[in-house]
Structure formats: C-alpha cells, structure tokens
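Heads up: the structure comes next, in structure tokens.
Lettered A, B, C, D, E and F in written order, each chain numbered from 1.
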Amino acid sequence: MPQPDHLTRLTHPEKPDLSPEMEAYFDKCREKLGMVPNVLQAYALRPAKLEAFAKFYNEIMLADSGLSKLEREMIAVTVSAANRCYYCLVAHGQAVRALSQDPQMGEMLVMNYRVAELPPRQRAMLDFAWKLTLSPQDIAEADREGLREEGFSDEDIFDICDVAGFFNYTNRVAHGTDMMPNPEYHAMSR
Amino acid sequence: MPQPDHLTRLTHPEKPDLSPEMEAYFDKCREKLGMVPNVLQAYALRPAKLEAFAKFYNEIMLADSGLSKLEREMIAVTVSAANRCYYCLVAHGQAVRALSQDPQMGEMLVMNYRVAELPPRQRAMLDFAWKLTLSPQDIAEADREGLREEGFSDEDIFDICDVAGFFNYTNRVAHGTDMMPNPEYHAMSR
Amino acid sequence: MPQPDHLTRLTHPEKPDLSPEMEAYFDKCREKLGMVPNVLQAYALRPAKLEAFAKFYNEIMLADSGLSKLEREMIAVTVSAANRCYYCLVAHGQAVRALSQDPQMGEMLVMNYRVAELPPRQRAMLDFAWKLTLSPQDIAEADREGLREEGFSDEDIFDICDVAGFFNYTNRVAHGTDMMPNPEYHAMSR
Amino acid sequence: MPQPDHLTRLTHPEKPDLSPEMEAYFDKCREKLGMVPNVLQAYALRPAKLEAFAKFYNEIMLADSGLSKLEREMIAVTVSAANRCYYCLVAHGQAVRALSQDPQMGEMLVMNYRVAELPPRQRAMLDFAWKLTLSPQDIAEADREGLREEGFSDEDIFDICDVAGFFNYTNRVAHGTDMMPNPEYHAMSR
Amino acid sequence: MPQPDHLTRLTHPEKPDLSPEMEAYFDKCREKLGMVPNVLQAYALRPAKLEAFAKFYNEIMLADSGLSKLEREMIAVTVSAANRCYYCLVAHGQAVRALSQDPQMGEMLVMNYRVAELPPRQRAMLDFAWKLTLSPQDIAEADREGLREEGFSDEDIFDICDVAGFFNYTNRVAHGTDMMPNPEYHAMSR
Amino acid sequence: MPQPDHLTRLTHPEKPDLSPEMEAYFDKCREKLGMVPNVLQAYALRPAKLEAFAKFYNEIMLADSGLSKLEREMIAVTVSAANRCYYCLVAHGQAVRALSQDPQMGEMLVMNYRVAELPPRQRAMLDFAWKLTLSPQDIAEADREGLREEGFSDEDIFDICDVAGFFNYTNRVAHGTDMMPNPEYHAMSR
C-alpha cells in the first residue's frame, strides 16, 4: 500500500518564493539533516510566516532554557500524542529516540507516556503538559506548585507552558492542513 | 470584592531586562494603546522569547492575509471561548468589539459564537476553528472543502489554521501561568 | 453586522393571550426594569406555563434563602457558562455586575469562574454547581461535606442544588428555542 | 444487602411544616398512589419551594399539551438515563411501564432508548431530548426542523424543550442531595 | 408498541450448523434455564467461534476465583451500564437480582452503581471496573493499591481486570450487531 | 533511562504451573517467534484462563474469516490506539508492519489511522472499529449498512465486531495490570 506523499492537502507552488535568508536556512537543513523538514516546506506557502515561525521555533526548542533539549522534545511528543498528530509524533518521536538514545522510551511517549519509568521531575513535567493540552481550564495553582516541588523554577514553568502550548499550535496546523512528515524519520534512531 | 491584580502566578522581576528594541516597542504600546498589554509584560520574564513572540504575533495577526484583521480576531475569540481562556477573551473580545463596532457580536463570540448571525463565510471559518480546537484529529478533507466552497483560497485555509492554532498556544500559556489581562479592556468599546 | 432580533426561533403570536395577573406582571416589569425580559415573553407562547414558571422562578431566585441574591445569580452565571447559554449569560451576567458592583467579576464568571478571587465559601459553592452541571452523576457525599465545611447548612445545600439545577433547565429551554436576550442588558452595569 | 432507606443525605425535620394546601396534596397522593412520592417529601425541607415545585411539575407533566402524558414520561426517562439519575429512572421508568403497558419498552428507555422500536415521531423527540441534555450548545435550527418534519408544532417543540429541560433540573436536585425513590416503584407494572 | 424480536441485525441461518458438543450445550441450556440465551444463538452465525466463546465465558464467569459469582455479575452490570449495553444489562441485571436476592440492588447497578450501599470491598471493585471501562489509560498503580487495601489478592485483581475487560468485549459485540436479549429475563427475579 | 522490565505490576510465580498442553504451546512460541509473548506469560498467573484465552485468541485472529489476518491486525492496532494501550500497540503494531511490509502504515495506525491512504473497504472497517471502541452506544444500522456497501458480508461484520471487541478486552487487561510487551518487538520489521 503506497502511503501519502503529499506535503499538505493544500496546493503548494512548484518553487516557493524564499528570501535569501530562508534559502540559506533550507541549505543548512539539507547539509545538517539531509533534508528540509516538511513543516518548513509547508510554511513556504506563506513565506513571511516561514521566517517568523523558524525563529520562534528555534527560540523555543533550541535556545537556553532550564529544560534540556530532550525534555523539550519529550513535551513535544506527549502533547502530540494527546492530540494524535501524525506529523509531530513522527518528527519529534525521532528526536526523542535520538537525544535519549532510548528508542523504547521514544515509543512509550508516542503511545502512552504513563508507562515510561521516568524520574519524578520529568513525570511531573509531562503530567502538566498533558493536562494543559486536554483540559487547559483545569490547571490551577496546585499544578504549578507540583512543578516547583520537583525543582522547576518559575522560568522553567514558563518554558513548560511555552513548549506545551507551542505544540498545541503546530499540531493544529498539521491536522488542519494534513501535513505529512519526511519519510526519512521512520527508520532513524531505532 | 477586589479582583486579581497579579500579572501571572509566576514571580516576575521588578524591572525586566528588555533589549532596546523591546523598550521601544513597549513605549510604542504605551503611546498607541495607553498601556503595555500584559501578555508582553509576562513574556518579559524570558526576554529572548518576548522578541520572537512579538514578531510572530504581529506576523500572524497584523500582516497581509486573505483574512481581515477582524476575521483573525473573531477566530481568536472563538478559540479562546472553546478553551475558556480569560486573558484572551478579555483582550481579543475587546478587539472584536472595536473592529466590528458591534459590541453585541463581540459578546456572542465570547459566550457562544453559534448564536451570532454571521455571513456563511465567517460561520464556516469559525466552525472550522472550533473543531480544530476541540477535536483536531477529526478535521478531514471535507472540512477543508467546506472552506473552499465559501471562497477561501488555500493560502487563506493555511492562515485559518495558523490563527486558530496560535490561540491554542497563547490560551495555554495564559492558563498555565494564570495570566491576567489589563483591566482597561473591560470598559472599552461597549 | 446586524445581530438577531428574534425572540426565539419558534413562531410567537403577535399578541400573547395573557391572564390579567400576567398582564399586570408584565406591566410591573416594564415599570421597574424598563422592559419585559424576553424569557417571559417567550413563555407567553404557552400562557399557563408562564404563570407557573414566573412563580417558580421568583421563589428560587428572590425568596428567603441562606444564599444571598448575588450568590444565586453567581450560580446562575456559572452554570450558564458551563452550558454556554447566551441568553442566561447576558441576563444574569448583568445581574451579577449590578448586585456585586464589580463588573470585572461578572466577566470572570461568564468566561471562567476559576480566575476570580472569591471567598472560599463562594468558590466551594461554584465548584459544586459546576460539577453538578457537567457531571451530575459524580457528586458524592464528599462534595456535600465540602459545602458543610464552608458553613453551608443542609437547607443551603438544597438551595444550591435547586438554583444550579434550575439554570440547567432554563439553559436548555433557551438553547432548544434559540432564545435571544433583550439587547438592553449589554450596556448595563459596566 | 440492605439498600439505602434515607430520603436524601440532608437532615430532614421529623415533621415538615406543611401548609394546609400541601397537607391536603400529600393526603391526595396517599389516597391515589398509596404513597407520597419521596421528591415531594424531600422538597418539604423548604416548604415554600414545595408548593411552587408541585404546581410547576403538574403544569409541565399533566396539563394540556400536544405531547401525550406517556410522551412526556418517555422524555423524562431518556433525559434521566443520560444523566444516570437513579431517582427519576425508578419513578418515571415505572410511569412509562404503566402508561405504555409495555414493560420492555420501559426498560429500553432506562438502559438505551436507541434499541426501542419507536414510531419516527417519538424517536425524533427522544433524539432531540438526548442531545439537548448532553450537548445543549449544539442544538441548531436543523434539529428543530427535524421535529417539525415529524409533525410537531412550535408549541410542541417548546414543550419538548420544557420537559427535557425540567428533568435536567430534577436530576440535579436528586443527584445533589442523593434522593432515594420510594421502594414501591420497583415491583409495579412489571 | 411491539418491541424488537430480532436476534441481531445480521442475517442468521434458519438452522445453525452446530457441532454435536454445542447441540448438547444448547439442550442443557433449554433444560436448566428454559431457553438458549440469545448471545449463544447469535454466535452460532460463526460456529467455531461459538465453541471458543462458550468455554472462555464459562471460565471467566463460573470457574474458581477469589471473586464470587455474584461479584463477577456485579462487574458485568456495572461495565454494561457504563457502555449502555441493553443486552448485557437485561441478562446480567437479572443474574444480579437472582444471585443477590436483592432486586433493588440489581436496579441500582443498572442505573447508577454509586447509589447502592455496598461493602467497601465491592464499592472499590466497581469503581475500578468503571474507570477501567471509561478511561482505561488512567488506571495507575494507586488504583491497584486501592484494591489490595480492600483485601484483594493479585490473582483477584487479575480477575477483576479480566471480567471487566470481557464485558467491554461482549458489550461491543452486542452493540455492533444490535443483539436483543431473550424477553424472559424481564419478569424474572423481581 | 532504563525502561520497565516487569511483566505486569502483579506478583507472578517464579515458575508458573502450566498444563502439558500449555508447556508445549510455550515451546512452540519460543521455536517459531523466538520468545513467549508476555501476554501469555501474564495469563499464566491464572493457568486455567491461559488455556481458554489462547484458544479464543487463535480462533479470533488466526482462524478462517472473510477478514484477512492483516485486516484483523489493523483493527487490533486501531482499537489499541483509541485506548492508548502500550502493550497491544507494540505487539500488534509489529504484526501490521510485518504482514503489510509497509512500516509507515504500521506507524500511521498507531498514531492516527485517519492519515493512512487505505482502500475504502479498510477505511470503513477502521472507522467502524474506532466508533465501536469510543462510543459503542452510537453504532446504528447506518453504520452496518456502510460496511455492507463496501462489500462486507454479515459474517464479516460479526468478525469486525468480534475483533474490535476483543481488543477492547485485552487493552483493559493490559492497562489494568500494566502489562509490558517483549522488548524484541521494537526493532522488528522496521
């Protein structure tokens, strides 16, 4: 059964109209990752958005934070599992497998993070992200207190909300457009 | 009963460490709006994020799009009603009242957008945003087709997903930190 | 955008067939409130029901009770927010703004009562009403005990159930008929 | 296993303080039904409410309407099944068994009304009542049109909303107080 | 109103092709129960499945276990109430009435098990079965610990999962095929 | 991070008390699969159940049916995704990858079956299984008709209900006991 090879269900220009800065960024992706992640190619439908999105993404996921890069990817996968987002589960599931060097844990976060044996700090972080995703109106001071008890600072709590919130955004862009991930992810880091 | 006057439930620095660019931006807010929206003050807890957030926000809500600014604010309020986000309902509810010059419609979107008498185009747009918010995994090609039938282009559909997705992000940062809106919004544009 | 001006989506007689007692009651409404609330005009489609409804309503909301009139209106708004009932949110949201002289709290109850800074007694009362509205089968003795600990008597608990239950009724009549509130409410008590 | 014999989980006076009119009404119940329904005994905790409640109840369930008494009881049971209200399922389940002389249909409405073989008119009526109970905000003009197509007049639609709404009220008073039905109902009309 | 007399909504052969072992089993049912339960007649559409199903059923419900037969039937009814399965509520509701000699408790489990006055052991068992039915992914070690505190061994916990799981299976076969119970159950053990 | 290596959270005997038939069956598993699937080892806690379970399982998943073995595994994964069951997603996800020789489709069924490009027959089959899993009470004749239109016979529909129902059972035994899959599955058929 041949699986989908569309980028999204929207019509994309043959050749997107990229700024020199974004051309360079795509080249850098090809060089470092061997591909341009489809999410970037999808945003090229709206080139001005692409630029703002890429900067925002890099700030949230890669800049300095009290959360490690792996922890931010763990939140990404947990939120995407709650929302059943195929694109983000494939792309960020691979990131968790790679950064943790623990493919089984990557699968657990994709399928049901509650079965993973995590340090209490990370379990609390993911419980918060899950609740913030599925019933945001129920988050209360007690939930923030729970994070503080595990050693998270208030800047860290901001970052947990920020990362969890951000994937609630990307999950919806991916679902809304039926965005497909690059097939390369599947075999990586198994 | 005196109501909350905290910015968020996190500890914010007395004086945030803003870049000159952000200082200027805050000054411009004070000049044009008579206040710095609390969301910007809250992001100042993480100054590098503030800058990326402000650019991303402005690109999504204010840059060129097939969706009018009012339509983007209507999506913002509808998504925030689904998520019961006090901050965004207050701030963007005011924006809808102001841009539409129709305070009653602003109230309807806050309380239940289905009671508003909207042109079919806007009703379809809000139905899509509501579904993308509450059951993103159920969006299917038929939903995108429904938007196309109302005259939305594929770039417009991208923007609907983008705006709806974005407020699913901000709603969660606001819920996660218990962010309070500036009290000035309440009396404006009634 | 002109907003709906129908009473409900049902066909109402030009001139309802009111009993002399109800004629007098409508006159009293016009005199005291400057209008006849649309809910009463809607019930006039079934004149015998109007009379029983008005008496029942007045008994529940205005007669002696361990709950203040403001507290009963707070329950009305919280229940109506859970059910997203436009009619009751507009009419009773105004009542909360007026009785509390705190328009911001009125908005909070409409949008998300959990963000309001309420005395523990009133927070417990609204938590109970919210749960009784959205998952009535989960109410247990522990919930009633929680109310008793805040000083509510058993008669008060009966009245909390009664008021919360009652707006679960009116919300459904309003949703079922698409009842519109009098437009005068919007600008009042801001 | 002895089952509960409390009236509700609230403390009721040994001898409620009934008006002469209500004393007579209770006597009439004893004479005609062989018992005073527990819901009336429970409301006697708040005697003024009892009187308004009894009149309202009788108007809704027994007065003239385009809906037969059996149809109103069918709505009562369907709504109470959606809310899993023990009191109302027992008391009104018995009423459906008695009025329909079809005990199996009574059981079906208690357990899952969709399995009953009902005339399309009654199926439409119960589908509307179920939806109005569990997702009132989703009722739309198409739902009312569906009722009109089955021959319901606008007065009848009002009455369907009224009866369905009313049991959303009584279900919550019963759940909120843990009201127990008279044990006599169980064996009746089997 | 004549009620459904179909076995399921599928087409069944006039005379099922039963193995001698199953012929004997059906005869034994007729002799001991006065009827062949419809679920067995329904499985005769797939005769090889009938045999495996009957053995599996008897092992789960009738073989040695730390749970009494009544307790297993109580789980059956509670799970079937959560899933609103008419077939299983009728057939196993009768079993609870018969085994407990407490018809009122049978009705309580059908309508809302939380109102029954059960020993803590059985309440814990039913709470676990309800949660395992409606949100299986939320079961955690604390839930198993709760059962252990009521004296259940690990074999018993396995059996609770097994019985609760099993009725989640049969409920879906019954819903999926619209299976009707034998009408004889209704009047039995009242 | 070392991941869980428990069989379940229950205490299992060092050496289960297997019948000669089951000893032989375990040997056959070791020979053909290189391992005894953990689900069988878990059931060995209750040896009589193990035997009935194994026969029932083999009848449902491996015996003659109008559904291919791959189709039955596709239902298994889709149901287990709805219930977020780690054990069954790992074990049956591997089966889908192996039988379909399409690892990407295996991932899609685990993460969100709606993104897979399936023949209409299989899409209809999985839509039915998903609905039967998450809202069994909403299955109606129209759903069965939809299957018939895709060419499924009534025996096939029985088997779809049977397979979907069965994994609603095993998912709950796995969740209820926190059953872990054999780690070998992860790397297979990628």
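The rule is short, and it goes like this: a residue touches a chain if its C-beta (ideal position, glycine included) is under 8 Å from a C-beta of that chain, and two chains touch if they have at least 3 such contacts.
Being a predicted model, the structure only gives us computed values, none of them experimental.
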Third chains touching both subunit E and subunit D: C, F
Copies subunit C and subunit D touch via same or different residues, half shared test: same
Winner on C-beta contact pairs when B-C is weighed against E-F: E-F
Chain centre separation (subunit C, subunit E; CA means) in Å: 43
Distance between the centres, which are taken as Cα means, of subunit F and subunit A, whole angstrom: 29
Gap in Å, rounded to a whole number, between the CA centres of subunit D and subunit A: 50
Subunit C: positions in contact with at least two other chains: 84-85, 112, 137, 178
Every chain pair in contact, whichever chains are involved: A-B, A-C, A-E, A-F, B-C, B-D, B-F, C-D, C-E, D-E, D-F, E-F
Subunit C partner contacts - residues on subunit D that touch it in the complex: 9-11, 45-46, 48-49, 52-53, 55-56, 59-60, 63-64, 83-85, 128, 132-133, 136-137, 139, 141, 144, 154-155, 157-162, 164-166, 168-173, 175-178
Subunit F - residues contacting subunit A, complex: 1-4, 81, 84-86, 89-90, 100, 102-105, 107-108, 110-112, 115-119, 178, 180, 183, 186-187, 190
Subunit A residues touching subunit C - in the complex, by the definition given at the top: 137, 140
Parts of subunit E lying in touch with subunit C, wherever the complex brings them together: 112, 114
